[in-house]
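We just call them A, B, C and D in the order they show up, numbering each chain from 1.
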Amino acid sequence: MVEVGIVGGTGYTGIELIRLLLQHPEAHLKLLTSRTEAGLKVSDMFPSLRGVLDLAFSPLDIEQLKTCHVVFFATPHGVAMKYAQELVDAGVKVIDLAADFRLQNLDKFRHWYGIEHSCPELLKKSVYGLSELNREKIKHADVIGNPGCYPTTVQLGLAPLLKAGQDLIEYGNIIVDAKSGVSGAGRKASMSMIYTENTDNFKAYAVGGHRHHPEIVEALENISGKKGAFDGLTFVPHLVPMIRGMLSTIYVNLTAAGQETDLQQLFEQFYQNEAFVDVMPEDSQPETRSVRGANYLRIALYQPLPNRLVIVVAQDNLVKGASGQAIQNMNIMFGLNESLGLNHIGLLP
Amino acid sequence: MVEVGIVGGTGYTGIELIRLLLQHPEAHLKLLTSRTEAGLKVSDMFPSLRGVLDLAFSPLDIEQLKTCHVVFFATPHGVAMKYAQELVDAGVKVIDLAADFRLQNLDKFRHWYGIEHSCPELLKKSVYGLSELNREKIKHADVIGNPGCYPTTVQLGLAPLLKAGQDLIEYGNIIVDAKSGVSGAGRKASMSMIYTENTDNFKAYAVGGHRHHPEIVEALENISGKKGAFDGLTFVPHLVPMIRGMLSTIYVNLTAAGQETDLQQLFEQFYQNEAFVDVMPEDSQPETRSVRGANYLRIALYQPLPNRLVIVVAQDNLVKGASGQAIQNMNIMFGLNESLGLNHIGLLP
Amino acid sequence: MVEVGIVGGTGYTGIELIRLLLQHPEAHLKLLTSRTEAGLKVSDMFPSLRGVLDLAFSPLDIEQLKTCHVVFFATPHGVAMKYAQELVDAGVKVIDLAADFRLQNLDKFRHWYGIEHSCPELLKKSVYGLSELNREKIKHADVIGNPGCYPTTVQLGLAPLLKAGQDLIEYGNIIVDAKSGVSGAGRKASMSMIYTENTDNFKAYAVGGHRHHPEIVEALENISGKKGAFDGLTFVPHLVPMIRGMLSTIYVNLTAAGQETDLQQLFEQFYQNEAFVDVMPEDSQPETRSVRGANYLRIALYQPLPNRLVIVVAQDNLVKGASGQAIQNMNIMFGLNESLGLNHIGLLP
Amino acid sequence: MVEVGIVGGTGYTGIELIRLLLQHPEAHLKLLTSRTEAGLKVSDMFPSLRGVLDLAFSPLDIEQLKTCHVVFFATPHGVAMKYAQELVDAGVKVIDLAADFRLQNLDKFRHWYGIEHSCPELLKKSVYGLSELNREKIKHADVIGNPGCYPTTVQLGLAPLLKAGQDLIEYGNIIVDAKSGVSGAGRKASMSMIYTENTDNFKAYAVGGHRHHPEIVEALENISGKKGAFDGLTFVPHLVPMIRGMLSTIYVNLTAAGQETDLQQLFEQFYQNEAFVDVMPEDSQPETRSVRGANYLRIALYQPLPNRLVIVVAQDNLVKGASGQAIQNMNIMFGLNESLGLNHIGLLP
């Protein structure tokens, strides 16, 4: 039984971790901390937990966290890096759902997150937790930077093309038109998030620059080994009036080699042993509702022109895009079956 | 392992049965029939099942159904009663999610459903499957009439008052103002159900008379033993622009005895051993999202005037209000732990 | 041309006043004040106004307000009463959309709003602005207390019964089960109002007591002339996941006289000359979408039992329930056609 | 006063025409036909019209239509072309909101709509009704092919670049990632359109080919005068869980000349005299709710890379994308002020 602590369980990745861990056969949720809500019963904040969880939020006590086998940080950016080294020294695994261990480039981290990284040495040793692509490194990692939701869709949507051994696509002009449900913005009392301002509405946001952009670029460089090749990538996120769900529409230009390749087959083979990546048959249309509450990510390919490929990727931003993948990483780190506790079927309707 | 067949799995109670049964540790979904969709892979209709279920819909073949231990009918009214006797004769348990075995009064059945009951003898032996109230009879039943969604909320919301051994409320003027998400109307291609006609809208419906009215009245008579006492009950259902969820607001007048009773305590004690009924503390507000996808039903009491009690009851209409309760009944019938496969935590957000 | 000022235009009743006044042929929106947003262009807060309104919010300057013919207060409770007397003294009409001039009972005002009334003399002279019922007094009023949204539905839903000249209903046990869209809670950055906490959810709220309860009771007393008769009224509001719209389901018991009366005809005659009250034919179902953005209020009657009447009333909470009725009152006060600028057709779909 | 007939008023473009025309000071809605609903009062189908419109649907009678000055066809594709010539011969103007007069290329029409065009001569004389770009021709047209909703956004989003007198963008690899509310699919009782299948869901659709694709390509050729230049355009529509609203995100590569041009200024100047096209300031984010129910179309520009321009265009698909633009065309054809009856402010919230 893996003893688990969660730091900062009052947001949506927090409650999603709780939901999944409470139904995980080999995990025991031992400790939940909150700076602002210490003492409050967790089920008083999240009524879905009434009758299911008796725990109250604790204040953050590093000694208590050291009694866990793994600690998830479901906190704002900048928190995990303060505590990670001490936990690792005590033999505790750390999985950060924020951005502290996502970007290896310290300048970009400073630029996009507005803070100096406090443990660059540990960052170097940390592993980027895209489970399907970094499985071997994750097994032996002490610290995991759990990927952002958008970057997860882009990486899994492009990986088969980048790992093909030849240049199938033009790397310099990829376009990612991404759409997210409102829960992706977290659980915050801000005017821009209230019901009446988001319902029956659609908009692009952060078109001038989104924090997931440098993460996407760095990750694609790592997957392909091609530094600088993706600087021409354009990433535009949009906000969809739905609670959960994320869909990325990725446009790439095919090289001559790419046009000669059976791309459907390439994707199917690449993911044939993956439990959570579903390459749908040709002419399919992934819908976010098909993964609501589930850890699956679905991919479909279209080739509207001989030299253009459109890749549509759907996931639940809170599951495969956050807390589900974090638990997938935990399973890998602790030698458990990677799917353990993650076989929830999407809630449809 | 209980071998399960589902007749008519193309509606929402059907897909919800499938979702729950596939995650049930002691059930095996053997057979799914559909008159209209035979041959179609179930996951082609319900994309949430891709990678999870390989089964295709079969045509309805009674001999095949006889190889199951239990058959759920997730069909329109009038189907289960055609097959139930033959299945029972073959030793197969039957759980009907439609209305064929809900009303003992044949005249009312004919009046409200417009058809003649085809097996009144079997109807007499059937058991009304409100799990918490009829547990002992359900254990030994061959045929279960699974309760309607609205009637489930009303019965569990009133039972402690009706079983108190004295008259705590006036029986003759109960008002049930009930609200349901759109999935309660089923999965049908009709103009009144399309997205654009239901979103950002609220209305009452069937104010002149709803099929669940006679079911509620008959059930309350059975619980209380008071024939005719509930003829003054008024039931008005409303349609809420949400997918799942049902909330009933029940208004009753308290007798002098009722005003002297600690009703909060009465309810808490009545349900103290129930896994799925949550009597919330005073001043609570049950929200349907707290039970989204879960088998829990939550109750809160308010006494705005000395002689008036307001009972608010929330459930997921497709789970405790339909498929979840059907599986709860299956668990009881087969001597399994009543909660088995039903401990899903509500999907929040 | 009526010169109009709005104090506090940053909420939803404010933007709705702006929308309606800008399309009103005899009104000129001269001045918009906001304590917190002075200097900001109104269209930077409400993008629907881009290209339509060039005004910026001003700081509240009483001298400037005195140059208007009428000032609407779309502020929190307690603001209008500070400025009303000085404006009236300067010959300016005042229409308060908050509660400062709704309750004549000062004790109840103090109890429910937690503040002492600062101009009880002016309050006595003010008129309660339920346009259809108080038209004559409104014509000559200096200060209007614009009715709350819920009370508007209850008064118009019950008025024909209370004005019938005989007792058609039992006054002591009226039940009002009311439902409102989220905009009814205003425009506030609070956790309870964010998209992800309200979508796909339904709940009752303020069951223990809502500020509109004493307003409803006082108003019904005034309409009927029966002090104390409505103390047994129970009012339970619910929150519907929709932006706009309000529907009240009102349950009353009929007296013998009530049972002998043609109530449909009674309602139709009572409202036959009203432009904004629609008594629907029997068996109709008012839908909130039918009045989205419109000043109409629709009523339907049902008699499920000989002695029980159910009255369903639908309106747009921001129009007939707030800003539309406020402008209707302005029209009356200034001798304009009562419907002027208010003939918007509901936005459907 | 323009006497107006509408053929096929039972869909959403029909009801939207009705809503706008009833509030138009120079139009009189004389006649509404419906093949399936003849005899039904229009307000019995669309409850928002209760008390506003007394008309009933008539059967389609060409002689009656000839008594109108203009006839709108809000019908499925293939209807207007059957009646247009006879109406034109009788001196009646025709505005078709379907596709019969959108595509000049008969092969493409046959391919995409599956029918043979029945009046190719009249088609040649018809005018494509993108009001801002074809105003002069519209003035003298007898038959208008009213643009599709998606094509309207793409044309107005690209026109300033195509009319600049030099090549500012690469024409061959434009990407249009478009998103529409559900009302864009019309008012049809089909399973794919029901509430429970569309709420809390997002998906791409028609990725393999959408009927608006050839319309977009032909229109861009006409605007730019460059035949064949746009064959590399990729168009992917998506379905947003909202009633109204459309947002297109258009990705283009800038030429050297384009990179040296002040594109913000170019757009602002191009549309400076347009009442309904709003070029928003830099760093703006058009939201569909800002045009809900209004005829405005908003454009914002972003340049995330020196050689890449992102154009975001928002409109209400039923107004500027359909019925509003149709009335704008009517105004032009009849020498009225182009904005007449179209100054509705967006309904926000």
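Keep this in mind: a contact is a pair of C-beta atoms (placed from the backbone, for glycine too) under 8 Å apart; a residue touches a chain by one contact, two chains touch by 3 or more.
Since this is a predicted model, take the numbers as computed values, not measurements.
The chain with its C-alpha centre at the largest distance from the centre of chain D is B. Between A-B and B-C, more C-beta contact pairs join the chains of B-C. The geometric centre of chain A is 46 Å away from that of chain C, both derived from CA atoms. One simple way to say how far apart two chains are is to compare their mean CA positions; for chain A and chain B this gives 37 Å.
If you average the Cα atoms of chain B and of chain C, the two centres end up 39 Å apart.
Among all residues of chain B, those that touch two or more other chains are 12, 183, 187, 196-197, 199-200, 241-244, 286-287, 289, 292, 349. Listing the residues of chain B that touch chain A in their complex gives 12, 15, 19, 22-23, 46-52, 183, 187, 199-200, 243-244, 275, 278, 280, 286-287, 289-294, 296, 298, 318, 343-349. Interface residues of chain D, counted against chain A in their complex, comprise 173, 175, 177, 179, 181, 196-197, 199-205, 207-209, 232, 234-236, 238, 240-245, 247, 249, 251, 253, 283, 285-289, 292, 300, 302, 304-305, 308, 310, 312, 314, 349.
Chain D makes touch with chain B in their complex at residues 12, 182-183, 187-191, 193-200, 241-243.
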